[in-house]
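Next up is a structure, given as structure tokens.
Per-chain numbering from 1; labels A, B and C assigned in written order.
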Amino acid sequence: MSERELPALPMTSAGMSQDGGRPAEAGADQLLRVTDLVKHYGGVHAVDGVSFDLRPGTITGIIGPNGAGKSTVLTVVSGFTPATSGRIEFDGADITTEPTDRRARRGLVRTFQIARVFDGLTALENLIVAVPQQRSLTARGLALGRRFWGPEEDEIVARALQLMSTFGMADKANERAGSLSGGQRRAVEIMRVLMTRPKLLLVDEPMAGLNPRLVRQLEEVLVGLREQGLTVLIIEHELDTVERICSEVLVMAWGKVIARGDMAELRTRREVQDAYVVG
Amino acid sequence: MTGIAFYGVVLLVYLGTDLLAAWGLNLEFGVSGVANLAYIVVIAAGAYTYAILTLGPDTGNGGFQQYVLGLHLPFGVAVVVAAAVGAVIGVVIGVTGLKRIRQDYQAMVMLVISLMAATVVGADTGFLGGQPGLSLIPNPFSGLGGAAGDWAYVAMVAFACVIGFVVMRRFTGGPMGRALRAVRDDEQAAAAMGVSVVRMRLLSQAVGGAFGGVSGALLAAFIGGWSPGAWAYVETLALLTAIIVGGLGNDFGISLGTFLIAVLLLQGVQFLPEIRAHPGLTEALGWITLGSLTIAFLAIRPQGVFRERRPRYHLGDPVADPAGGGTGSAMTPPR
Amino acid sequence: MHILIESIGFGVASGAVLSLGAVGFTLQFGISNLLNVTYGALMSLGAFLGLFLLGLGLNIWLVMTLGGLLIGVTSVAFSRGLISPLTRRGLKPFSLVIVSVSAGIVLEYLIVAVAGPATQSYGNLSGTTLHFWDFTLTTSQVTILAIAVVLMLGLHLLLTRTQLGRAMRATSSNRTLAKSCGIATSRVSDIAWLISGTFCGMAGIALAITTESFDFTLGSLFLIPMIAAAVLGGVGQPYGAMVGGLVVGIVTEISAAYWNPAYESVIAFAILILMLLVRPRGLFGSGSARRLLA
């Protein structure tokens, strides 16, 4: 990322907050409700009966030793693999059997442990292509051409450029995403999911491989987004990050949630310490 | 018409039809990431469709060849139907990829489909003329006769290429090209963003197939005949090499590659003197060179001679249209 | 009923050759994670090498052994000279398939360059026709069947009773793990390619013996039933390939007897597509075959 510090958070710029993160009512029904989620891979019980709720406009952390099933929870909730049993409700609807792209269109998006970007596209194009249901991709759009979808495309491009400036990466906008560094790819991936104006963002260890200053920048971005109504579920090993930005934390081990609460308090709890030592 | 002039006509027609085919294959492979090793089958489908629609019933001409239909339809209708059939066959072949199997497994299955199609058509003499194929396929300009007819055909192929180019750009450039490439680069991530991978894949298979169908139809009408010998599985490799060498996903690159390889190389070797003791040597040399080129490029420079190019945007610029149309409005974000 | 039994007889005979080929193909996938489409061209090369050796006056069965071994050596050169370096360069399996198709084309047209495109024949090597029970087979078919059985048995013993065989199975299953256990994986690979290449060459010669005439496209034609056999048994599973070859052979011959002989390869193709749609990892597929699922 560039040497500049992040400017003031994107509260009013055209790129981000025209309609915020499509916030659900604070204090309203749970945005995400996961009930008795189970995922078996052959004989391995990756997730063994996990239940939790997410209130809108919050950042919730999931921590735990390797192999606890944290990533699997994200994988199942985002639809990349079907649940063995259990229920997933999002924004009032039962999405347990819905495919990934349908969940994405509802506003449920995720990032991956190893940042997945579209290598052959430029960084900016990665952002542009993320916006769902573009007019240019419909049959009418193909037939009528630029006259039909031009204005919408321009607006998306401008929004994407603004977002990249916000992250201090405007100078990399036209570079092939495949040639970016690991931290830059991570940033592109996060910007890309933000372009979809999601309601719920599932983030899998976003801080991995980032230097401390970038970690802080990313934390500020997430907090800023939360203040606009975005809900975040974040897996992180960086416990300081978790303490700083998460209002609630779930501790997982052996496929189950073994504790929940706020980070400072959890750090002192015996069973959490044990899980990390043994798990 | 002198031999040289006629050979020029042949080269031009081959170039035009090969370009259409290469554009179709590039859409499927270069832009959408599906290595359709059975592409020649859609070309053949177009050729046969054109033939059985424009020929009269097979009892004519002494009934020396047997085939289905034979509706004596006009040129234009037959070409359009050929495009449609190509699209359908393209989608059917593409469906093999929708199952969750590894890409190389899928590619191998497509190769087998190509071998299979040739065997089936060759074995059944009553369906599409079997191994000897179909001949006396009507040429729309045969009434003009001689040089005029030939050059008229060249003009028509050129016209088809112009239209084809415009249509192709709609898909390989602009937002559609972007979305297809995203699916190519990371199917799962694209799905996670709400892109319907299935729809995108089938679309590129259909359009790519349509291009192949038209290419086959125009070729069959020109040559006047079409048999399994014309569409062995190796022909797909010729196109594949052309677009790999030229540069996958680069419209200009693949066009140049098609010219150099599909036309110059494979046709050019026919100019070499035939050595009596070794029949088929010159053609064989062409294919050996082709195969070696493919391997060399995949090993050393897989992106081809001309890399895929992406549009560039800058803050404050008028948003230029990457598909070659007019410019959009200037978008300058508020300070 | 007589026709049925007779067809089964033919099916077993042709199935034996298919099994031989399919086992070689599947071994190569197991050991190198490569769907080696060049296999067809190598079979053609085997057939032509056999022709050349026959011309030297050698006995046909010696020709089959020698020719097979020569193709085995060629396969090792192929894997060491082309496949390994490209894999090290980071080429994905997807690109490698295109490479192997191209290599196949180069090989086939090298054959044309040297021997011409005309069809060739081994002449009539069938020997006498034997009638036993309801079967009708020629002596050469029986000999080929016997050779195939001996080779499969030999392979089975090698895989299960020897250290080399264990090393091969380990490398097939998990190469990195095998390497870290001290197994000389590249040496093991070479031997696997030698064995599978020999099977390939012998299959090619066997095909040339049993067909009236052939040309440089011999291998491509028989790739369809061979791949079908390998997929049916589960790619990467040698025992599956053995069974697959027999099944494809028998089903093909029965359908040829009762339906239309020209459509033999269509049946094999139908088997392939059916497996792909219903159970892509094959009947006995596990481990290596699972690699093929996305």
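Methods note: a residue touches a chain if its C-beta (ideal position, glycine included) is under 8 Å from a C-beta of that chain, and two chains touch if they have at least 3 such contacts.
The structure displayed is predicted, hence computed values, not measured ones.
Q: Just to be sure I understand: the centre of a chain is the mean of its C-alpha atoms, right? Then which chain's centre is nearest the mean of all of them?
A: Central by C-alpha mean position: chain B.
Q: Report back the single chain whose CA centre is most distant from the CA centre of subunit C.
A: A
Q: Mind checking the centre-to-centre distance between subunit B and subunit C? Centres are C-alpha means, answer in whole Å.
A: 32
Q: Can you check how far apart subunit A and subunit C are, centre to centre, with Cα atoms defining each centre and the answer in Å?
A: Whole-Å distance between the two chain centres: 49.
Q: Can you work out the whole-Å distance between the CA centroids of subunit A and subunit B?
A: Here the centre of subunit B sits 41 Å away from the centre of subunit A.
Q: Using the touch definition from the top, list the residues of subunit B that touch subunit C in their complex.
A: These residues of subunit B touch subunit C: 35, 37, 96, 99-105, 107-109, 111-113, 115-116, 119-120, 123-124, 233-234, 237, 240-241, 244, 278-281, 283-285, 287-288, 290-292, 294-295, 298-299, 302.
Q: Could you list, by residue number, the parts of subunit C that touch subunit B in their complex?
A: My answer: residues 35, 37, 82, 85-86, 89, 91-99, 101-106, 108-110, 112-114, 116-118, 220-221, 223-224, 227, 235, 262-263, 265-266, 269, 272-273, 276-277, 280, 291-294.
Q: Name, in rising order, each residue of subunit A that touches subunit B in their complex.
A: 13-15, 78, 80, 99-101, 104-105, 109-110, 112, 116-122, 124-126, 128-130, 132-134, 136-137, 141-142, 145-146, 149-151, 153-155, 157-158, 161-162, 165, 170, 173-174, 176, 192-193, 196
Q: Taking the touch rule as given, give the residues of subunit B at its contact with subunit A in the complex, in rising order.
A: These residues of subunit B touch subunit A: 170-171, 174-176, 178-179, 181-182, 184-186, 188-197, 249, 308, 310-315, 319, 321, 323, 325-326, 328-329, 331-334.
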